[in-house]
Structures are given as structure tokens and as C-alpha cells.
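Dropping the structures in below, format is C-alpha cells.
Each of the next two complexes has subunit A plus one more chain, namely subunit B in the first and subunit C in the second.
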Partner chain A sequence: MIRRVVPVAAGVFCLLLAAGFFLVLRGAVETGSGRDGPLLRDLFTTSSVDETGSVNVVTAILMDYRAFDTLGEATVIFTAVAVAAAILGKPRPTESQRTMGLLSRRLLSSVLPLFLLFPLFVIAHGHISPGGGFQGGVSLAVLVILIHVAFGDPFGQNVVPLRLLVMVEYGAALGLVAVGMLGIVQGASFLANLAAGFPSGTPGSLLSGGVIPVLNLLVGLKVAAGLSSLYIYLSGHEASRGDR
Partner chain B sequence: MPVITGLELSYFLILGALVVTAAAAVHMPGDLTAVIILSVFSVLSTVVFALLQAVDVAMAEAVIGAGFMTALFVTAIGKTRRSAGGKR
Partner chain C sequence: MQNAAFVAAALVFAIGLHGMLTRRNMIRICISISVMESSLVMALVAVAYVPGGSAPIVSDGQTMFVDPLPHALALTAIVIGAGILAIALALTVAMYRHYGTTDVLAVFGKTREGQ
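Here is the complex of A and B:
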């Protein structure tokens, strides 16, 4: 008896799910046709420069309108690093000194300073040109990984110690929340920007957009520290030791 | 009769190459080959995003897909292979 009921119930459930999905999608399409008022897209493109002081609309959305979501994104990376550290354990640099060849190392040592300029530029100009804290932060993390791969783990640990990375991650996370609380102290909402009275400056100049450059810098540091320490935890793990 | 410009032609070519690289990443023998082809896929989708004027997304895709994920995947493959005693 039950064997016959279960497939029928599952089928009815799937039908109801599909119907509900269809209704939601139809509603979304009707809302998106813009018959009843202005689209959110038009609102962002027309008024975001006045409301945030940031010329780059994507950064304006990420760091001002949806800054709380960015904080959640940073929390996701933090959780990932914490879980990786808990599972993989304390990283042990391999003694076998696996590095790239002499030619690659010589070439990289002259190219790496130029490579460092790119993430710094992307983070500093996040509110003016494409890019922002996240993109620049991942570039910085890739730079640290490149140092580890090219010059070996002991050298990488000397240049960028894991302790420093962890400290930077903690500091940036605390700084993000502190900047958010500053909005509340000023009498506006959490992570408020111009509404909290921060100076907007001239849109398009390097120091403009209220707290957006500060948030960009903090997110960039946090993402860089989190992702590069994730790699260090993974590469410093001795798999044979865990097998037993 | 719609006229296809050079930019559109290159756009469609890259879209086709995306499909080819995605299928190749699944069907190629060997893990490392799949990871490298996946990074090629990522670079191609960066070009697509840049053509669609989503430069922020293109930058994130280039850095994460081609740079960071490749490094993580290669490291993970190296670690698991050594732990399996060279069986795979």
C-alpha cells in the first residue's frame, strides 16, 4: 500500500513544486517589465554617484548599498579558512626544498615587484575604475602563492609568515565591523556611508566616496590573508601522516 | 538578412570554444589535464565577460578561475596522489 502511495505523493510534490516555480518566475518576469515604475537598474545608474560618491557603480553596490552582504562574503572566507585549519592542522614546511629552476626564479624576482603594483592599484582605485577589494585581494593572495611555489615553502614563510597573515585577517575583520559600527555611532544604520556624514569628496578623485576606499582596503587585506593562508594550510599538510 | 560583424563572429567563436573546453575538461583522462583545461575555460570566459562589458566580473573570474583555483587544485591533486602511494 505504502509502496504505491509514495511515488504518487512524490509526483504530486514535484508537480506542485514546478507550479510554484512557474508562478514565481512569471511574477519575476512581470515585475521586471517595468510597467509600474522605474527599474532598479535605472535607479542605480542615475543616482548612485550622488548617493555614494563612487564612480564605479559595481563598487557602489558592493561596498555601500549591499555592504552587509560583502561582510557576509568575508565571513564565508573566514569560515572556510577556519575549517581548513581545523581539519588540516598546523602546516609543516616540506624539507625537500622543492623550488623552480634558477632561470624562473631570476625572472620572477624581477617581475614580482611589478606584479605587486597591480593589486595595490586595483584596491586603491576600486571606486574609480573596474575592480575593487575582492579582485585585488585575490591577486595579492595569488602573489603570495607564487612566492611559495617559486622559491619554496621555507622562503615563503620567511617573507610572509603565517602568523602575520592570521593577524591581518583578524585585524581586517575587526576593522570591517568597526567601520560598520561607526555608522551607528554617527546616528545612521550599520555600514552607512554618506548618510552617516562621511565626506564624499569629488567623485572620480582618489579620495572620494566616504568609507568606500577604507572598506575596499579592508576587504582586500582580508581576502588576501584568508585565501593565501588557505593555500599554506593545504600545501603544508602531510597527507601520509594523516593516513596511519 | 542580419549582418554578422567581426566582433560578433569572434564572440560566437569564443562561446563555441567555451563549450569545447568544458566538454574536454570532463572527458580528458588524467586530473592535471582537466585542471589545466579548466583554467583555459576560465580565461576564455574572462574574454566573454569583458566583451559583455562586465569588467569587474571578468577580473574576478581571471584571478580566481585561472590563478587561485588552479593552484589549489594542483596542490590538492599532488597531496592526494602521494598519500595513495602512487596508485593513481
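Here is the complex of A and C:
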């Protein structure tokens, strides 16, 4: 009896919560609409090109207005990797060969260079087209994970050692803080961009936006190293130990 | 338009929450958490909607843009969601290594036996 009642009760509870969720969203939108005076979104879209040199307003917010928050996000990924490593311990790649078939491996070995090209494009063009450090970094991590899945863990560990990933993660974190400190050295605030006198370039060109491309590159490297080492930690255990 | 997106986000949230409350397998609970997070991203994108607005990339001849701030916050939500999912999966792996199962109720039973 109780086995039947519980899912139904849970369903009703969830639907009621969903109605509340909808009402909160609706109320939030209605509170904001119908007011006169400048809106925050207009402020961002009209002044961000002059203030940051970045055409992509989302990147301008992430890497300039809220750059300190982005440093915090990078720290979140770092913390997730640290916690996963603390829980799971050193990864031990299994000797049993769990690789894809010959056809997939042959195909992947010729397609993988393209997989490297796309993330680099997304990271480098983060301030002028959709994309940025996080998105490109995740695609880079997919490249490393694909090597592990297709060619087996021992091969993946040989090509991209865990030590290298950890070093890249540390280096990118230190680089982010160093770029932030550069703003202080120039006489502005931590992670300041154009206010610290970095050249803005022509908005819309590849080299524009002051330190934004540098931050994008560092964040991309950090996210890529963090997510791929997360995969290595999660997958690097003999699945057969508790198995029967 | 916006209301439809809100309803969809609320329904996806309800589906994720229902899964989290009623499933017994830890992997499925992790998937449900992930579904709930996607509903929040859907809600953020819907909040950012401006009628007639284009993607917030400034170019010549465009004056209407959707709100860029929720998009930046959606990225934050995705990153934190990925972190939560990673730690939840790591705990699931640890649980499987210790108890040999991913069933939450079975683990409860085994801990009760141990007392």
C-alpha cells in the first residue's frame, strides 16, 4: 500500500513545487517590467564595448565586470577535482583492455586533430563570437576523455599524464591570479582590464579587449585540465572489485 | 512565449525532483539532480528573453539585445552543477566500492546490520 502511495504523493508535491517555481519566475519578470529608467541590460549592451573592448557582452560580463566571480568558478572546478581525488584516491588504470573497435580507433586517429582545432577556435574567439574559456575548455576535456575511451586508459595516461594535467591546472590558476595582480601593479583594482591601461585594440578583431583573451585562454586551460582529470579520477578504478 | 518556457522549466524541475525523491539507485539520483539543474538553466534563458532581441554580441545595425546577465549566470550555474555532479558521482563510486551496490535502501539495510 505505502509503496503505491509514496510515488503519487511525491508527484503531487513536485507538481505543487513546480507551480511555485513558475509563480516565482512570473513574479520576478512582472516586478521588473513596466518601470521607467535605464535597465541593467541596456547599460551592459551600450557601454560594454567602450568599457571592455569585447564585442561579446556575455564574455565582457564574465571576464571583466564579474572577473572575480569567474576566478571563483574556476576555484569551484578545482575544489571538485580535489574532493574527487580525496574520496577516490590515486587512479589505477586497469590492464584489461577496454577499447573501442578497430574501425572507431582508425577513424578517431584522423578526426582527433579537428577536435583540437575547434576548442582552440572557441577559446581564441571568445570575445568576438559565441564561446569562451569555459565552453572551449569543456571541448578540450572531451578530447582527452575521447582518447581515454577509445584507446584505453593506459594509452591515455601515456599521452596525457595526470601529472601534466595537474600542472596545467595549477599553472592556469596562478596565471589567473597573476593577471589580476597585474591590474593592481598598474594602479587599478584586482583583475582590472582597460582601467589598468591594457590596450583595447579594435573591438571585433582577434586581438582586442585588453586581458580578456588572456583570461579566456587561462580559464580554458584550467577547465580542460580540471574536467579531464575528474574523468581520470572517476574512471581509474577496477570496476570488478566490488563486482561479482 | 515566455510563459510557455517557464512552464516547461517548471515541469522539468518537477520531473527531476520526483526522480530524486523516488529513485533508489544513486546513479539515477545523480541524473535527477542534473535534470533539475538543466531546468534552472532553461528558466534563466527564459528570463533573459526580450521580444525581438538578438544574441548579445554587439554588431552594426542592431539595437535590441536579450539580457546578457542571466546568460553569464547560467554559465555559473552550469559550472557549479558540474562540480556537484562530479562529487556526487565520486561518492557513488566510493559507496559502490565499500558496499558493492548503488542501491540506497540496500546500503541503509547493510549499515543497520552492522550496528
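Annotations
One rule holds for everything that comes next: the second predicted complex is superposed on the first by the 202 of 244 C-alpha atoms of A that agree within 3 Å, B and C clash if a C-alpha of one lies under 4 Å from a C-alpha of the other, contacts with A are read in each partner's own complex, and residues count from 1 in each chain.
Here, contacts are C-beta pairs under 8 Å (C-beta built on N, C-alpha and C of every residue); 3 or more make two chains touch, one makes a residue touch a chain.
Note that the coordinates shown come from a computational prediction; the quantities given were computed from them, not determined experimentally.
By the touch criterion defined above, A:131 lies against subunit B but remains apart from subunit C after alignment on the C-alpha atoms of chain A.
After overlaying the two complexes on the shared chain, residue contacts for A:83 are found with subunit C alone; subunit B is out of touch. With both structures placed on the common chain, the touch criterion links A:48 to subunit C but leaves subunit B unconnected. When both complexes are overlaid on chain A, the residue A:211 reaches neither subunit B nor subunit C. Looking at the shared chain after the overlay, A:71 reaches neither subunit B nor subunit C. Of the two partner chains, subunit B and subunit C are each touched by A:234.
Of the two partner chains placed by the overlay, only subunit C lies in contact with A:19; subunit B stays clear of it. Ranking subunit B and subunit C by residues of subunit A touched puts C first. Looking at the shared chain after the overlay, A:61 reaches subunit C, while subunit B stays out of its contact range.
In the superposed model, A:145 lies in contact with subunit B only, and not with subunit C.
Residues 56, 58, 130, 134, 227, 230, 234, 237, 242-243 of subunit A are contacted both by subunit B in one complex and by subunit C in the other. If you check the complex, the residues on subunit A that touch subunit C are 6-7, 10-11, 13-15, 17-19, 21-22, 25-26, 28-29, 40-41, 44-45, 48-49, 55-58, 60-62, 66, 69, 73, 76-77, 79-81, 83-84, 87-88, 128-130, 134, 203-204, 227, 230, 233-234, 237, 241-244. On the side of subunit A, the complex with subunit B involves touching residues 56, 58-59, 122, 130-132, 134-135, 138-139, 141-142, 145, 149, 227, 230-231, 234-235, 237, 239-240, 242-243. Residues of subunit B that touch subunit A in their complex: 55-56, 59-60, 63-64, 67-68, 71-72, 75-76, 79-80, 82-83. Taken together, the subunit C residues at the contact with subunit A in this complex read 2-3, 6-7, 9-11, 13-15, 17-18, 21-22, 43, 46-47, 50, 55-59, 65-69, 71-72, 75-76, 78-80, 82-84, 86-87, 89-91, 93-94, 96-101.
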